[in-house]
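By written order: A, B and C. Residues from 1 in each chain.
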Amino acid sequence: MPKLKAVYQTLLNKWYAVIAHRFFWPFFLIAGLLFSIAASSFDLIDLYVQLILIYVGINIILTISLNLINGYMGEFSIGHAGFMAIGAYIASLLTVNIFPPSAINFLFPVAVLAGGLGAALIGLLVAVPSFKTRGDYLAIVTLAFGMIVKSGIENIEAIGGPRGFLGMEKLTTLPWVFFWTVLSVWVIRNLVYSNFGRGVLSIREDEIASDLMSVNTRQVKVIVFVVSSFFAGIAGGLFAHALQYINPRMFDILKSTDILIMVYLGGIASIAGSIIGAVIYTILLEVLRPLGIWRMVFMPLMLVLLMIYRPRGIMGLREARLFVPLRDLLAVKFWKQKKKEADDAPA
Amino acid sequence: MAYIFQQILNALQLGSIYALIALGYTMVYGILTMINFAHGDLFMVGAFFCFLIAVYLKLSFVPTLLLSVLGVACLGVVIERLAYKPLRNAPRVSAIITALGVGLFLENFTLALSPYPKHIPALIADKTWLIGSVSISSLQIIIIALSLSLMLVLDFIVQRTKAGMAMRAISWDKTVVPLMGVPVNKIISLTFAIGTGLGGAAGMMYGLAYPVIDPYMGIMVGWKAFISAVVGGIGNIRGAMIGGFILGSVEIMVAAFLPSTYRDFVAFTLLLILLIFRPYGILGKPNPQKV
Amino acid sequence: MPLLEIRNLTHRFEGLCAVSDFNFTLASNELVGIIGPNGAGKTTVFNLITGVYRATEGSIYFTGNELVGRTPHQITKLGIARTFQNIRLFKELTVLDNVRIARYGQAIYSPMEALLHIGRYNAEEKRITDHAMELLSIFKLDDAANERSKNLPYGLQRKLEIARALATDPQLLLLDEPAAGMNPNEIKQLMEFIGWIRKTFQVTIILIEHQMRLVMGICERLMVLDFGATIAEGLPAQIQNNVKVMEAYLGKELVK
């Protein structure tokens, strides 16, 4: 047994050395991009598997963006699917009705981006009630927001009303999903490890103390809601062009609950956790597909057990080293080294 | 004029169902400061119990009502013991998510057992009276009368009995009251039993009024009742009743003057506006944060 | 110009008068104590100064700026920092992050620079971290910098709270019952510690306490509150023999 532990420790240290290497991330990104391009253009992998990978990517974006509000900031949003719907409809309207079909492939990222920006704009509005209300009441605000978006879309005949909207081409390909997923992980990681990110954490820990320690809590909340809803909108645009059909019921409370399950399965306030949660949940849903409806009985049961036995999720409040910037990971070490050098210098 | 009276009657019918369900939300919130998001699904289970009892046991109205309410109340207590009790000291969010999970479980479990919508047989002889040009059905009278009397009984229990006093005490203070010899677990179970039982009764009445029932029927009605509880001031029992009637009236009025698809839109917009200007509801009190 | 000037400060909670007609002037580098029995309104005064509550009436001037109507973070940025009666650290966060959060108001970079880690981000983060570590090493907490703050022993948590307050670069430091839960020996150490902070960081201090021993020892001037009203003020020696103060603490009957 002790030997096994030693082996594990050496492997772990090797892994840390690998991820600390300055070529690790460039290599990973280029390899991932090349693989996804190859996979989608030469049918290296089964189309069904490709579709699942696309869903995994979309779910990672959704999970990580909701984790920003629910995990890092400690508020409780149940309206995430609403932002997703806004992104999905804006992007779809652009590619189907506005953009010329000949240039659609080039303009697809613009459409997705526009969907994200539209959702972010609405996120700005939802941030306003969060200034004064928090906890249960803020949860209700987000819930009401999600319901309003859904029933609002149902009442707009021009975009299909309750029947939904179709006509999108299958523009969501593996490389695009890879690109947007990496972007969302990177940006949210950057936010978390910044002055504003620490503000977000302090709001979760103690909002009043945070305000008294000079954190502009309103500014922080606006940033969090805008960034979170932006990426939810991006995910919506990708989702719409993967499925090629959307309707308002796809973005109801059940969808928001799905995202919540992924957040709390993987772990709150953790990037690694968000990825783990999204991957496990998406794949598990596919693997259990033969069970039919019983799969949907099993899933909520799992959530309840998870809450009772591990309420913060697999990686709750912990982060894989992979995602911590070196400056933060080794802040104390760096400072001590520098101080030692400064002390040694005169001697 | 007659049209308006007719609409008021309809509003009373819908409002009393919302109010009954809202009471369950508000009672549980009052005592545990937890939003029991599974409550709407317990309402659905109430309708299904009523279906099972009426179809397979072929009982009449009163025993069906009693058995359904008892069944849902037991289920409510079991859920509290198994799923919520372990989380009483956990972060609030965990309890909310668990409740969402329990709700999903109830919906999908029912769906797995009963994939097609069911039709509740008429348990009450359908009679309609005309007063002027306003028509009143026997069902409407029973729903409104029964809801009002259940609410009066509940108000009596909470305001006048020893158990009710214990409930109010626990919702007032959660650290000291248990030290005073109040059997907290029993009182919480009782609260769940009464709250979910009322939801079950509402489920049955809703099922009689709109006889086609399906496993997802509890979602929207549940949220609406929840809005009622918030509008009235969550945790406040009389507020829940008022909120239920307000929401019922608003919905009926919207349906009377606008396309009915706007109903949800208006209901939730109303909630949002209220939350922004009076976050603690009509009868609720603001809760200042201590420093 | 006085550092802090409070005029006719009054605050009511639903009819209950928590602070009434409080007047107070503070010069730079003073160390003043506010004492009074439990519920006398001492912490409310701190909450009014720091903007947690908005005063019902009256005004508070700090270096010439009116504080009433400003938000807590604006007031903190003007140079007022505080600690709490019951420690309010960011429990799940590291000691280092607790202090870095208090540098929020001093960091100069935009949200965009934060999202993309470009521009001023790198230099500013380095500055914030260095400043925080420097502060922690002054307080001898640098070895615990990576610990979660909830894992520190009680005494160090109190120390960290003061370090965190000082990280906001205050001119005025408000200490809310720093001796709570301490034995006489620890109180003695705390008295020296407060004196040292005052010298090292050149801050003016207002201290809330209801333990007479501590305030008599270090404060230059005292205010005594009871039921929201100022019942006495003056030098510690004067307060010690004040009949009204004794009544407030011991009850009228005992004093007679």
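Going forward, contacts are C-beta pairs under 8 Å (C-beta built on N, C-alpha and C of every residue); 3 or more make two chains touch, one makes a residue touch a chain.
Quick caveat, the model's predicted, so the values are computed rather than measured.
Visitor: As a test of understanding: of all chains, whose mean C-alpha position lies farthest from that of subunit B?
Guide: Chain centre farthest from subunit B's centre: C.
Visitor: Work out per-chain C-alpha centres and flag the one nearest the whole-protein C-alpha centre.
Guide: Chain nearest the centroid of all protein C-alpha atoms: A.
Visitor: If you average the CA atoms of subunit B and of subunit C, how many Å lie between those two points?
Guide: So the centroids are 48 Å from each other.
Visitor: Could you work out how far the Cα centre of subunit A sits from that of subunit B, in whole Å?
Guide: About 35 Å separates the centre of subunit A from that of subunit B.
Visitor: Need the CA-centroid distance for the pair subunit A / subunit C, whole Å please.
Guide: Those two chain centres are 39 Å apart.
Visitor: Can you list the subunit C residues in contact with two or more other chains?
Guide: Within subunit C, the residues that touch at least two other chains are 52, 84.
Visitor: List, in ascending order, every residue of subunit B touching at least 2 other chains.
Guide: 291
Visitor: Could you check subunit A for residues that touch two or more other chains and list them?
Guide: 208
Visitor: Subunit B touches which residues of subunit A in the complex?
Guide: 70, 74, 76, 78, 128-129, 132-133, 135-137, 139-141, 143-145, 147-148, 150-152, 154-155, 161-162, 208, 253-254, 257, 260-261, 264, 292-294, 296-297, 299-301, 303-304, 307-308, 311
Visitor: Can you tell me which positions in subunit A touch subunit C when the two form their complex?
Guide: For subunit A paired with subunit C, touching residues are 187, 190-191, 194-199, 201-202, 204-206, 208-217, 219, 223, 227, 317, 325, 327, 331-332, 335-336, 339.
Visitor: Which of the residues in subunit C come into contact with subunit A in the complex?
Guide: Answer in residue numbers: 50, 52, 71-73, 76-77, 81-82, 84, 88-93, 96-97, 100-107, 109, 111, 114-117, 121-122, 124-126, 128-130, 133, 137, 142, 145-146, 164-165, 167-168.
Visitor: Show which residues of subunit B lie in contact with subunit A when the two form their complex.
Guide: Touch list, subunit B to subunit A: 33, 35, 83, 86-87, 90-98, 100-105, 108-109, 111-112, 115, 219, 223, 226-227, 230, 234, 259, 261-262, 264-265, 268-269, 271-272, 275-276, 279, 289, 291.
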